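Shared between the two complexes below is chain A, which pairs with chain B and chain C, respectively.
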Partner chain A sequence: MTMAEFTMPSLGADMDEGVLQEWLVRPGDRVRKGEPIAVVETAKSAIEVECFETGTVDRLLVDPGTTVPVGAPLAMISAAEKAAPKRAPGTAGKAGKGTAGEAGRHRPEEAAQKPPEPAPGRQVPGGAVPAPEDGTPGSAGPLVRHLAERSGVDVDTLHGTGPGGRVTRADVERAAAPPPSRQRITPFARRLAGELGVDPASVKGTGKDGGVRAADVRLAAGRPAREAVPRGPVAPAAGAAGPTTMRRAIADLMTRANREIPHYYLSTTVDLAASMAWLREYNRLAPVSERLLPAAMLLKAAARAAREVPELNGFWNEGHFTPGDGVHLGVAVSLRGGGLVAPAIHDADTVPLPELMAGLKDLVHRARSGRLRGSEVADPTLTVTDLGDQGVESVLGVIYPPQVSLVGFGRVVERPCAVDGLLGVRPVVTATLSADHRATDGAVGARFLRVLDRRLQQPEEL
Partner chain B sequence: MVQETLSGIVPEADVGSLGPDDRFREVLEIDSLDFLSFLETLGDRAGIRIDDEDTPHLTTVSGCADFLVARTT
Partner chain C sequence: MSGEAERAMRTTTYREALREAMSEAMRADDRVFLMGEDVGRYGGCFGVSLGMLEEFGPERIRDTPLSESAFVGAGIGAALGGMRPIVEIMTVNFSLLALDQILNNAATLLHMSGGQLPVPLVIRMTTGAGRQLAAQHSHSLEGWYAHIPGIRVLAPATVEDARYLLAPALADPDPVLVFEHGSLYNASGELAPLTEPVDLDRARVRRPGTDVSLITYGGCLPKVLAAADELAADGLDPEVVDLRSLRPLDEATIDASVARTHRVVVVDEGWRTGSLAAEVCAGIAERCFYDLDAPVERVCSAEVPIPYARQLEEAALPQVRDVAAAARRTVG
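Presenting the complex of A and B:
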């Protein structure tokens, strides 16, 4: 049987270890490549980590709550073809092909954005171990069958992990054991539950899909929400790691960036009259839920510019530059109550603008609710920070190592502008570039901002 | 309706403590993405379409209420 180790991934340059917070699967579960199978807590936030392999979970090697160094094995996954023994060649073959097609169609990045629908039954909290898809009864010895009967387990629905797919005693005991919690709960709510001495399992969730939110925990603790947030209307909604550890992680990374990276800074004012007019017209005709924000347009233009100036899109490691394998745009998202994360929108240069907008909404929402995925935090090739909402006109940022550039946008403001010898009032934005002087020189950075400007003059082509 | 919608957008916020004339985007740290969902949800609940041009009226709870009354009656 082909076994693969599922290891603690590196979720960013600043991560040496992580806490395995929660398993989303258990032994015997079928998993697909790109599907989240565990929640790992880093200094910054709780991250859903995807499986890199299609197959069956054989063993979990680490208990929740354990701190594990990057690269250490967390679980054993048996590969797909071995997991489906050839009992009924027709159906099993078809199912196998479906899975392979799924894996082939989505690159891991794409799968991260559009996760394949989990197999039915996996969603059900405490649901039985999924039945083999061909429906053929798993073979089991008489002793095991007897044990299964006594425990009220239907042996025919079990996935055998013994030799030749045989159902073993351990399989039956596992199925009979109370299922692990698959409760949806926000990391903040989980932390709060710990502080208030509330058992999360006893809390009725009112969030999306019955998810438990902080308010539910407070309710269960018999305390009004107001008492728990004495310092104003917004409670700190930091990730599971809490504001202090996140602050420290940001401090370490930014100190390293300032120490190691010789930054140079460029800035230019971009006329947005064409873009804003196009956007207004688009939004007037679009359904409300599909409206675009200027931020999405700026991100798209930055991604296109990064494709045209690849010297700024990638990583500086051990004295040399490695270009990124696509434009994976890190988006700096500030969290309510402090701190920030910069997860990636994958292939931002090629996804259509409406899709990028939807991706942005989803990403920001999940960044704030503490449920990002591993592939999103691991590999941005350059980062964009848009402080327009905060009211500033320009931002000269610090690069996230090992990236080599950071693009900044300020607020879109109306300014008097001379165009073709006439003075007019036009919407403009200040675009800036912070770049690593080890990797590029000012001329390259200037080219980037020129391309960015040109892209924003042709919004219909974004 | 305005307060309910705001609580939906910022679940951690104590919307009840918001004054009718507070600029809620600043007080609740609502960015442009949040504000877009706010417009969408509020429009759905009131059964109207809120356009970009309407947003200058929608900076305070009382402003939103006036706007909704004007548009739905």
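Presenting the complex of A and C:
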């Protein structure tokens, strides 16, 4: 059995530290690779950080609320197939076996007097963690297994609260129960909370059944947002990084971009007649929920162009260019409370268009509710900003360091166009490219826009 | 106030205001005439047309047989023939006998003739309960008529509206139904001379406020104003909106009020299910969702035929205390 450190990830080139805001797991919990296990607040927003391997959470090393540098360990994950090991070799059942001794080394002394289940917040670095006295956390009797199967609960993922860490009926029932009902909040209060930058989850409701009303939000807005009410373990983290923090982060980053990056700008008008006709036909046959927006098509075309012109897809670090390990398209999403984030759609050049559309919807939704994943904010290789829905015709953007290019799209508009010697009205879009002159020259940028144009003339191949 | 304006300002009743409005219209336009059951010699079942037979004669104040379908149909014919008839139906319950004429002819002819046959007809009728007239004379069915495209439905609730809504209603090229709540005929109030043109499409804020919008019309208006006074005594500041026109509904005034108060109580003497109150509430949910800070409340009649016995009738109808209680629920 091996023990691995779970460290503060780098969630973007501009991040050197983050605040561990909330643990989503407790010691003894089983985790799978890719599962969110903690919420980290960066200067930009609250991010769910995923676990990098499958195993059992052994210890939490950092209290919520602590600021931690990138790379510092946050927790220990035991990467064994079986759960946390036997602690005292003397009482070991067959489940303990060879893992017991090794695990014991990590917590040498406190074999006997672990308090049962300390709250995650109380863990101190290096502190003790209770482990089952007997069997594995997942062990459960036939009745419990039957109950779990019937209610669709995976016993192995449960944290047992019975004697010796056994999973009890109550554990299964709790896991099978619907999530705690949504907070009751009036539509007006929710709107007001957005406008005032108040996290609705932190507001105590005084209405019927604890419903939050406008007056409660106004009261909360008068206080420091932080102090309002301790956040429950599953409370949404929306609004945690208030507009001012985010504003400052954007200010720093954009100042750096403008100071360090010698931008050059190119722009071209792309005839979208073929694309729009194809899209109309596609949408005519698709159910409403699966219809595509022109934005998805533009993103896809940009991703394809980035693959063909890899010089623009990657990072400028320490005086040289590193190509990206795939086309991870950052999508600039403006937030309702002000500010923006640019989370990534991974491998946007290979994802089929309908999936890209679904991914885009999901990403925008989660970006606006403040719940992005670490892998999404960490690694965009180039960013696209589409301000078409804001009504502008073209956008010349500032590059997001250390990326080397930013693609901008304006609104799709109908314009008189000369086509084949005749004048016609065609849907067109202005595509722009801001690129880092240290990494590429105008000719490369021009090639990118040419490829982009060509891709948009063959929508069926996107 | 100048002496002249003071002289012009006078106290009158809802009934007299209606009579003045009709007499004025008949003096002004030869095409206007009144017909209905007992409108002539008896002076109208509720005394609205008392004395009009003497002034205008039996040609223009016409008693009709007890056949709503026939005389409403005759009114439609007269309107098509260029006249400007005012047809009085004794109560809304009896108007159901003429529903075929109102819906299938009056409301549809303009549409079916491709715009060639407007029906400039005014139908007045009594609505509502509260006078121990039992289940065949007491219902509030104006909400049903407000469902019908092609007609305009008015519910004057004040002496001023009783006096001034008739002229624009007669001028309207479409059929206009005027619902007069039976409890209002004896209501008296100040009547000022008309200073600005009357807009049939507009609701009126009868009492401005900031805490809760009490939206109502017709016979419930006095009760709602009384409830507002009671609430104001408790330190609340309710706003009272009088819809006046049930079709079309003045959405702009409703929405603006909701945007001010964020809380709504709709008061309607009709039965709750499928009521005009339901329509108002649905519209608010559609247009003002993000302005609502409390669930919308409705105060409507109990879903029973209106009882005869006084205490039962009172229990079945929206009362001041019900309105006040609903308003308090919204502000919590």
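Criterion: the second predicted complex is superposed on the first by the 303 of 462 C-alpha atoms of A that agree within 3 Å, B and C clash if a C-alpha of one lies under 4 Å from a C-alpha of the other, contacts with A are read in each partner's own complex, and residues count from 1 in each chain.
One rule holds for everything that comes next: contacts are C-beta pairs under 8 Å (C-beta built on N, C-alpha and C of every residue); 3 or more make two chains touch, one makes a residue touch a chain.
What you see is a predicted model, and the numbers here were worked out from it, not measured in a lab.
Given the touch rule stated above, what does A:V288 touch, chain B (first), chain C (second), both, or neither?
A:V288 sits against chain B, while chain C stays out of touch.
Give the label of whichever partner, chain B or chain C, reaches more residues of chain A.
B
Output check: A:V364 vs chain B and chain C. Expected answer is one of first, second, both, neither. What do you get?
A:V364 sits against chain B, while chain C stays out of touch.
By the touch definition above, which chain A residues appear in both interfaces, chain B in one complex and chain C in the other?
Common to the two interfaces on chain A: residues 188, 207, 213-214.
Report the residues of chain C in contact with chain A in the complex, numbered from low to high.
262, 289-294, 332
Please output the residues of chain A touching chain B within their complex, sorted ascending.
So the residues of chain A in touch with chain B come to 188, 207, 213-215, 225-226, 229, 232-235, 237, 280, 283-284, 288-289, 291, 293-295, 334, 336-337, 360-361, 364, 388-389.
How about chain A: which of its residues touch chain C in the complex?
Its residues touching chain C are 186-191, 206-208, 213-214.
Quick check: in the complex, which residue numbers of chain B touch chain A?
So the residues of chain B in touch with chain A come to 10-18, 27-29, 31-33, 36-37, 39-40, 43-44, 49-52.
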